[in-house]
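Alright, structures below, take your time with them.
The following pair of complexes shares a single chain, chain A, combined with chain B in the former and chain C in the latter.
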Partner chain A sequence: MSPELNNDSTDVVDSSVATVEVAPGKVVEQHVVELKQTTARRVGTGAAIILVGLITALVLGMSAGSQSASFDLNGSDPGITVPKFSLPGVGLIVACGIVIILLGVAQIVRGFSKSTLRWVGIATGLLFLVAFLTWAGTEGKQAVQIGSLLQQTLFLATPLILGSMAGLMCEKTGVINVAIEGQMLFGAFAGALFGTIAGSYFGLIAAVVVGCLAGSLLAVFAIKFTVNQVILGVVINAFALGLTGYLYDAMMANDATSTNQPDVFSPIKIPVLGDIPVVGSLLFNQTIITYLMYLIVIVIDVMLLRSRWGLRTRAVGEHPKAADTVGINVLRLRYRNVIIGGGIAGLAGAALTIGSVGQFNKNMTSGQGFIALAALIFGRWTPRGALGAALFFGFASALQTALSLLATPVKIDSNLLQMLPYLATIFAVAGLVGRVRAPAADGEPYVKGD
Partner chain B sequence: MKLELRGITKMFGSFTANDHIDLVVEPGQIHALLGENGAGKSTLMNVLYGLYEPTEGEIVVDGEAQKFNGPGDAMRAGIGMVHQHFMLVPVLSVAENVMLGDEYTRSAGMLDQKKARDVVSRLSKDYHLEVNPDVLVEDLPVGIQQRVEILKALARHAKVLILDEPTAVLTPQETDHLMDVMRSLKADGTSIVFISHKLREVRAIADTITVIRRGKVVGQAEPTASPAELAAMMVGRPVQLKVDKEPADAGEVVLGIDGLSVTAPTGQVLVDDVSLDVRGGEIYAIAGVQGNGQSELTEAIVGLIEPSAGRITLEGADVTDETTDKILGRGVGYVPEDRMHDGLVGGFSIAENLVLDTYDEAPFGNAISLNLSAISRNASERIDEFDVRTQSAESAASTLSGGNQQKVVLAREMSRPLRLLVVSQPTRGVDVGSQEFVHKRIVEERDRGTAVLLVSTELDEVIALADRVGVMYGGKIIGELPPTATAEEFGLLMAGQISDTKESA
Partner chain C sequence: MSPEGPDLGKKKDPGEEPAAEGDTKLAQAESGDDRTRETISQILRSDHPAVVTVLAVICAMIVGAILIVVSDDATRSAAKYFTAAPGDTLTTGWDAVKNAYVALFEGAIYNPNGGQLLSPISETLVYATPLILAGLSVTLAFRAGLFNIGAQGQILMSAALAGYIGFAWDLPAGIHIIVAIIGGIIGGAIWAALAGALKAKTGAHEVITTIMLNYVAVFFINWLLTQTWFQAPPYQQAVSRPVDGNAQFWHLFGSGLRVNFSFVLAIAATVFVWWLLKYGTFGFRIRAVGSNQDAARTAGMSVAATYIGVMVIVGALCGLAGASQVLGEANNYHITASVDGGVGFTAITVALLGRGTSWGTFAAGLLFGALTAGSGQLQASTPTPPDLVQVLQALVVIFIAAPGLIRLIFRLRRSKSAGSAVLAKGWNG
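For the complex of A and B:
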C-alpha cells in the first residue's frame, strides 16, 4: 500500500495528477479480423438457394409438358407489336435450375458479400420466374402473355405503391401509419362521389383533399394527444369502413347513376416514349393517376436524400430531441408530413375507383392498405425498396390471374397461389434483406422537455 | 458577446431546480459551473439554450433582454450547446448533422452537401477537430462524436459555447485535446460555459468559477482555490478527497476467468484470450482507454454476451453458459457502464428501479405479487443512504440528473449480500461529495470479503481504489501493475506499449 494514498491531506486530486503521456491524437485501435458472415448463416443461405434450384430443376423440370413455350410480349393496345417467340421447354427449365444450384454452391464455398448476396437473391428469383413461366407454357396450347402480365402488374401495384408512399411519409417522421387502409377507403369513396357529380378530375382532387383530412385526423390524435398510434390507426380504419359503408347505403346504393358512376380515366399516351415497343405501351400509355404515382415516387426519393425537407424528416424520425435542439419544429414537420401522406393515400384510393372499376363498393380496399404497409416494411422504409416490394406484390396478384387463364401442366390451386407472395416475403426478409430497421423514433410521440 | 442571466428560476411542478440564479459570462471567458449532482446546472443551461422556458428571470445578451422560444432563437443569438447526452442523429453523416437545422441549400431547398463538407473541413482544420465529414455518426466513437457536437455549434457561429460535462466520456488524451480546443476558441473571443465534476480540469482551464448548490448560487471562486475548498463549497461540508483503506486481506478466488474471448458478429475480436483471478476481499481494477474490450469483458462475466472461447468460474462453479438472472442470483452485483441504457428503466419510478432485480424475492415480493410497502421503505432508505437528490421515490428515473441516475444503480446493486461486484465507471458524472461516498462503499464491500472487479478509465480512481491493476489494450490484458506504479508506467501500457524489459522477459 502506498503511503502516499493514506496521506491525511485532502489535496490528493492535485498530487496524483495522472496525465497519461501519450502522443496526442493517437487513436487506440482494436485489431479487426476480416469481416465475414458466420459460417452457419453462410451455409444456411447457400442451402436455401440450392433448394430453390433443386425445386426448379426437378419439380418443374419433371412435371413440364413436352412442348416449347411461346411468349407474347405485347400487352393490350400495344401500338407497335413485336412478334411472339418461343423458348425450348424442359431444357431451359433445367438450365435455370442448374445455374441457381451453382449460385448456391458458390455461396456455401466462398460466401458472397452482403451487397452481392442481394443481387444473387434477385438473380435466383428471376431465374426461378423464367423457369416457372416457361413451365406454365409447356402445355403449348396458348402463348404466355408476358405483356399483359406486366401491364396488369403495374395496374395492380399502383394503389399499393401510392399506399406505401403514404406510409413512408408518416413513418419517416416518426408517426406509425396503420390507417393507410382507411385513408384509401375515404379517397376511393370521395373519388367516386365527386367524380360522378363534377367530373373525374374533380373527383381526383376531392380524393386527395379527403385523404388529407383523414391524415389530419391521424396527425392530431397521434401528435397532439399522443394516442397510441397503432390503436389509433385501427380505430381510423374501422371509422372509415363504417362511415363510407353508411354513406354508400344512404346515397349510392339507391341512386348509383347520380352518385356512383364516375367516368374512369382513360390512358394518355405520351408522344415518342409511348411508341417504344413493349416498354412504351407498358409505362407510357397510362392514366393520370399512374403518372402522378411516378412523379410522387421520384420526388420523394430525390427529396428525402437531397433536400432540406428530407434531411429534417429523417432527423425527426430518428431523434426528434436532437432535431429540436437545432431549432427544428418537430411537431409542425410531423403534421405536415402526416397530412401529405394522407393525401397520397387518398390518391391511392382514387386509383381503385376512378382509376379502375368506375364505382365505389363497400370495403373495396379489402386489405390493400395493409399490403402497402407490408411493402413499406419489406422495402426497408426506403422509396425504392417500397416501390420494388409493391411491384412484387402486384406481380404476384397478376400472375395468379394469368395462370388461372393458362392451361398449366399441373393445375395449381388458386388459394395456394395467393399465398405465394407472402411466403416469398417471409423468406426474402429473413434470408436476403437482413435486419429490417424502422426509423428509431417511429411511433414515439414527442413531448418537449421530456 | 456578453451574456447575463438575471434571476433565473425554473420550477418543475412544485420543485425548484433553479432559484433566482444570476450569472455573468464575459466575452472570451471560460466560466466553470460547479455543483453537486442535481444542483441544477444542466437545467440552467437548458433554459439558456431555449429548451426550457424559465419560470422567472431574463436572459440578457449584450445588454438586450432576449426571449427564446426555442433553441433556434438561442442559436440565432449566438449560443451553442453541447449536451450532457449528445444530440446527434446516428444515421446521418457528420456533415448532415452539422448543418441540420441551418442547412446550406441551393435552389428549391436542395441541400448543398459540398458546402457542408467544406465547412466541416475548414472548421476541423482551424480548431483541430479532425473528423471525416462523410462518415455516419453512429460509426464514430464518443470522443469524435463530441467533436461533431462542437463543430455543430461553431458552424452556427456560436459566441457562447456551453459544454455540459464534456469530459465525462473522454479519455485523458481526448480531454487534453479538448482543453486545447477550448483555449483556441477562447483566443478567438468565444466565451465558454464549462461544466465538470473533475476539479483538476476546472482549475486548469477556468477563468472564473461559479458554484451552485440546490438550485442557488452559493458563490464565486478563483481557479487558484484548492480542490478541498471548491469541494467544500459545492457540498457544504468538508470533503475527503482521498480514499482511506487498509491493505487488502485477500481470500479464496471468487472470480476465475480463463482464456476468455469475445467476438463481435462482424468477426472483430473484442476480448482476446483474457485470463485473470479476483479473490474475495480484493479490488482488481482494469485500467485502460475506453473501447479496448472492457465493457465486453464485464458483459461476458454477467452473461449478457456469449464468449466465443474460454471459461468463467464463480467460487469454483462454471458459469460460462449460465443466464444473467442465474449469475446475478449467485450474489453478483453489476453496475454497467451506460447506466441510462443498461442500468435503469427510464419510465419506471426510482422505487421500482431500486428493486429491478430483486422484485420477485422476499421481502419485496413473491412469485405473484409485490410488497409495495417494503419496496417503498427500501426506496426511502436507499435514497437517504446514497443521497439521491429527487423530489420523491415515485418520480420517474428519467427525471433524475445524470449523477443521481448513477447513484440509483449503485444503490440497487450494492444493497444486497454480494460475493462479486462488477462495477464499471462507478463515478462517471458523479460529484466529488458522492465520489467520496461511492469509493468508501466499494472499499467497505471489499472489506466484507467481496471480490470487486472495477473497470475505470479514470487513472486517479484506479490508483486510489485498486489492490491490483490489469491494463487492457486491444482486448488483451497486456500487463499488470501494482497501484503504486507511476502515471507514466500506466500511460505507456494504456497506449499499448509494453516496456522493453517486459517484452524481452
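For the complex of A and C:
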C-alpha cells in the first residue's frame, strides 16, 4: 500500500492512537494515520453520491404511481405473522433522495474520512433501496414481499458466503485460492451423487470430504511444488469443470434416478427462536447447511482475532519467515488451513445441490465461485466484510426475482436490471473501497531458508 | 500408448525456443559429435521445457486413459469377471482408450475414413483462432502483472459491435470488413480499458472489475438480442441478424473449409505481441511494470498510463477474437448469447500453457484448438463423453505448471534453464 500513497496527496489530517487486541490479554497501541483524499477524488465521490440522490428524487419520484406502497414482512411459513403496513409513496421516495443529496454535499464540502465514507456509501445504498422498493410498490396492486425477499437473499447468499469463507481460510494463511469455483463444483457433484446413493446427510459429508480432497490438491501443488497459485486455481477450475462434466455424462445423464436424485434438506425450525416474528422465520427456520454456515462464519470471525490459531494464521499470511523464526510450522499450518478451506467450499457446493435444486448439472456453479472471490476482495479479506458483500450479491439476485413478480410503475427490462448489482459493485469498488490490501505473503510460496 | 501421442508433443515445440538458449551455448562451446550427443542426452534427462511439455502431455493422456477405462461400460462389465478372464478387461479397456484417442486424432488432424482431406485441420484452425487471440490478450496482461479474467466480456462486446456494423451498415466490399474489424477492436479495447482505467485511477482490483464487466456484457448482449433492430426476424429466437456478405472473412481454401482470414490475423497478432515484448518501447514498460512496479515508477515510468495502455491492447486482441467469432464462420455469422464460445476462460489456460511468450501461446492455442476439434469426432464416434478434452487440457497445464512433479515422476535432473516465464501476480501486485 505504501508506495501507492506517495502518488496521492499525503497531508496527514488525523493522527490518533487506537488500541488493538492482537491476542487475548495482549493489547497493542496502534498509531492510526489517516491520509487526506485528493480534491478530485473527494468531489468526484460526492458528485456520484449526489447523482444517485437526484436519480432517486427525480427519476423514481416522478415515475412513481399515486398509491401508497404496502409492505409485507412475513416470509413463507411464518410462525406469528405481523400485519402488513403502508408507507406514503412519492413523499418517502423524495425524502430518501434529499437525504442522499445532503450526504453528497457534505462529502464535497468537508470530505468524510475513509472509514466514515464507507458507512456513507452503505447508507446511500440502503436509502436508494428503500426508495426503490417503495417505488416498486406504488402501483398498489400487490404488497412488496420484504419477508420472502430477505429469505431468498439468505438462501442465495449461503453458497456465496461459504465460498468466500473458503477463500478467506486459504488467503489469510498466504495461499491464493482462485479455485473456489472448482472446489464448489466438486462438492456439488459429490453431494448429489453420494446423497442419492446413501442419503442426504451422507452426501453432505461426502461433499465436505471431496472438497477437502480438492483443497489438498491445491495445497500440495501450491505448497510442495510451489506452483504459481493463480495459475493453479484457474487450472483446478478447468479440471473440475471437465471432470464433473465428464462424470456427469458417463454416469448421471443416463441413470438419473440412481445417481442424481438426492433428497433435498428440509428446513429445521429452532424452538423458541424460530417463533420470533419476521426474524424467526428468516434466520431460524433454515436447512442444516445454513446453520453450518452461521457456525463457520462465527467461528472464523472469533478465532481469527482471538485464538492462537488465528494469530498464527495471520502471522503466516503476513510474514512467514518471522513466524517460522518463532517456531510456527508454516507449511503445516498452510496445509491444514487450505484443506479446511476446500472442505468449506465443498459445503458451499452441497448447498447448490442437496441444499437447493436436488440435482447436479454441468457447470452448475456458473461463476458463483468467482463471485465469492470478488466478495472476499470486496470485503477486504475480513470475515464480516466478506459476509456483507456476499449478502449483497445474494440480495441483488433475490431482488430481481422479486421484481419480476411485481407490477412496477414502469416495466423494467430484466436484463438491464440484472446488470445493476454488477455495476454497483464496480462503483463501490472504485469509489469506496479503492485499493485493498491482501495478506502480505498471499500467493508467495514459502521455502525454508530462502 | 497411441499413435497421436508424439504428434501432440511435436506440435508444441515452436513454443519452447526461448528457453533453449543456455543449451545451445553449451553445445557451441563443446564441439564434436560425442559432446553434442552427450548434451542431447543431458537435455533428455533434465527438466528442459520441451522435455517437460512432452512428458506432461503423456502424463495427461495416461490419466485420461484411466478415466476412459473407468467410465467405459463394456470394460466395467468385463471387469466383473476379471479373475476368470483378465484378458477381456484388458482388451476392452485398451479398445476404449484407443478408440477415444484415435477419434481425437481424426477429428483434429487427419481422418482416413472419408470427408475432405484438409477438413480436420481446417476445423482445428477455426477453433484455434479465437483461442490464440484471446490467449495472447491474457498473456500480455500477465506480463504487465494484471490478471485479465475479462476476456469473455471483451469478446462479447467486440462481437456485438463488429456484428452490428456487419449487418446494419451498408458499405462496399473490402471496406465493410475492415470497418467491422475495427469496430470489434474498439469494442474490446473500450471494455478492457475500463478495467485498466479503474485500476490506474482508483486502485479497484482488476479481478473484481473484469468479472463484473463480464456479467454486464452478458446481460447487455441478452438485452440486445431482445431488441427488434438487432434481433433477426421473426423475433422468436435470441439470434441477431446475419452479418452482411461484404463483412464476412473470406475463406482461405475455398468455401468447403471453414478456415478463414481471421487465422492470418491471429498469426499477425502473434508476431505483433512478440515484437512488442521483445523490441517495443511500450513492451519494455509493460515488462518493467509487470516485474517490479516500484522500480518502474522510480525509473520515471507512469504505472497508471501503462496499465491503461496495456489494457487497450489486451482488449484490442480480444476484439480480434470477437470479430473472428462473428465475422468468420465459427458461429454462422450470427451474434448469440454464447458467441464467445467459452473462449474467454479457456484462453487463460492457453496463456498459462504458453508460459507468457507469444509463440508459446500460439502453439498452445493450436493444441487446444486441435483438442476441441477432436472432441466433436469423439462425441460422434465413441461413447466417451467429449468433456474428456477439457480434462486433458487441464491436466497438461497442471503437469507443466508443476515441473517439480514431472521431475519426481521421471527422476529428471533439475537444470538452470527451466524457470517459469509466466508472471501471474498475487493480489498485491
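Operating definition for what follows: the second predicted complex is superposed on the first by the 411 of 450 C-alpha atoms of A that agree within 3 Å, B and C clash if a C-alpha of one lies under 4 Å from a C-alpha of the other, contacts with A are read in each partner's own complex, and residues count from 1 in each chain.
Here is the rule we go by: contacts are C-beta pairs under 8 Å (C-beta built on N, C-alpha and C of every residue); 3 or more make two chains touch, one makes a residue touch a chain.
Just so it is clear, the structure is predicted and the values come from calculations on it, not from any experiment.
A.B. asks: In the superposed arrangement, does A:I328 touch chain B (first), chain C (second), both or neither?
C.D. replies: In the superposition, A:I328 touches chain B alone.
A.B. asks: Report for A:R314: first if it touches chain B alone, second if chain C alone, otherwise both or neither.
C.D. replies: Only chain B; A:R314 stays clear of chain C.
A.B. asks: Check whether A:A440 is in contact with chain B, with chain C, with both or with neither, and answer first, second, both or neither.
C.D. replies: Both chain B and chain C are touched by A:A440.
A.B. asks: With both complexes overlaid on chain A, does A:V234 touch chain B (first), chain C (second), both or neither?
C.D. replies: Touch status of A:V234: second partner only.
A.B. asks: After the superposition on A, what does A:M251 contact: first (chain B), second (chain C), both or neither?
C.D. replies: second
A.B. asks: Could you list which residues of chain A make contact with chain B in one structure and with chain C in the other?
C.D. replies: Residues 4, 440, which sit in both footprints.
A.B. asks: Can you list the residues on chain A that touch chain C in the complex?
C.D. replies: Counting only chain A, the residues touching chain C are 3-4, 41, 171, 176, 221, 224-232, 234-239, 241-243, 245-251, 362, 367, 370-371, 373-374, 377-378, 413, 415-416, 418-419, 422-423, 425-426, 429-431, 433-438, 440, 442-444.
A.B. asks: Mind pulling up the chain A residues that touch chain B in the complex?
C.D. replies: Counting only chain A, the residues touching chain B are 1-2, 4-14, 16-26, 28-36, 38, 306-312, 314-315, 318-319, 321-329, 440, 448-450.
A.B. asks: Which part of chain C faces chain A closely enough to touch in the complex?
C.D. replies: Those residues of chain C that touch chain A are 67, 71, 147, 149, 198, 201-205, 207-209, 211-216, 219-220, 222-223, 226, 293-294, 297, 345-346, 348-349, 352, 385-395, 397-398, 401-402, 404-405, 420, 422, 424-428.
A.B. asks: Which part of chain B faces chain A closely enough to touch in the complex?
C.D. replies: Residue list for chain B touching chain A: 49, 51-52, 70-73, 75, 81, 83, 87-92, 96, 99-103, 105, 108-111, 113, 130, 152, 171-173, 176-177, 180, 199-200, 203, 226-228, 231, 238-247, 263, 265-270, 289, 291-293, 398, 459-460, 463-464, 473-475, 483-484, 487-488, 490-492, 494-496.
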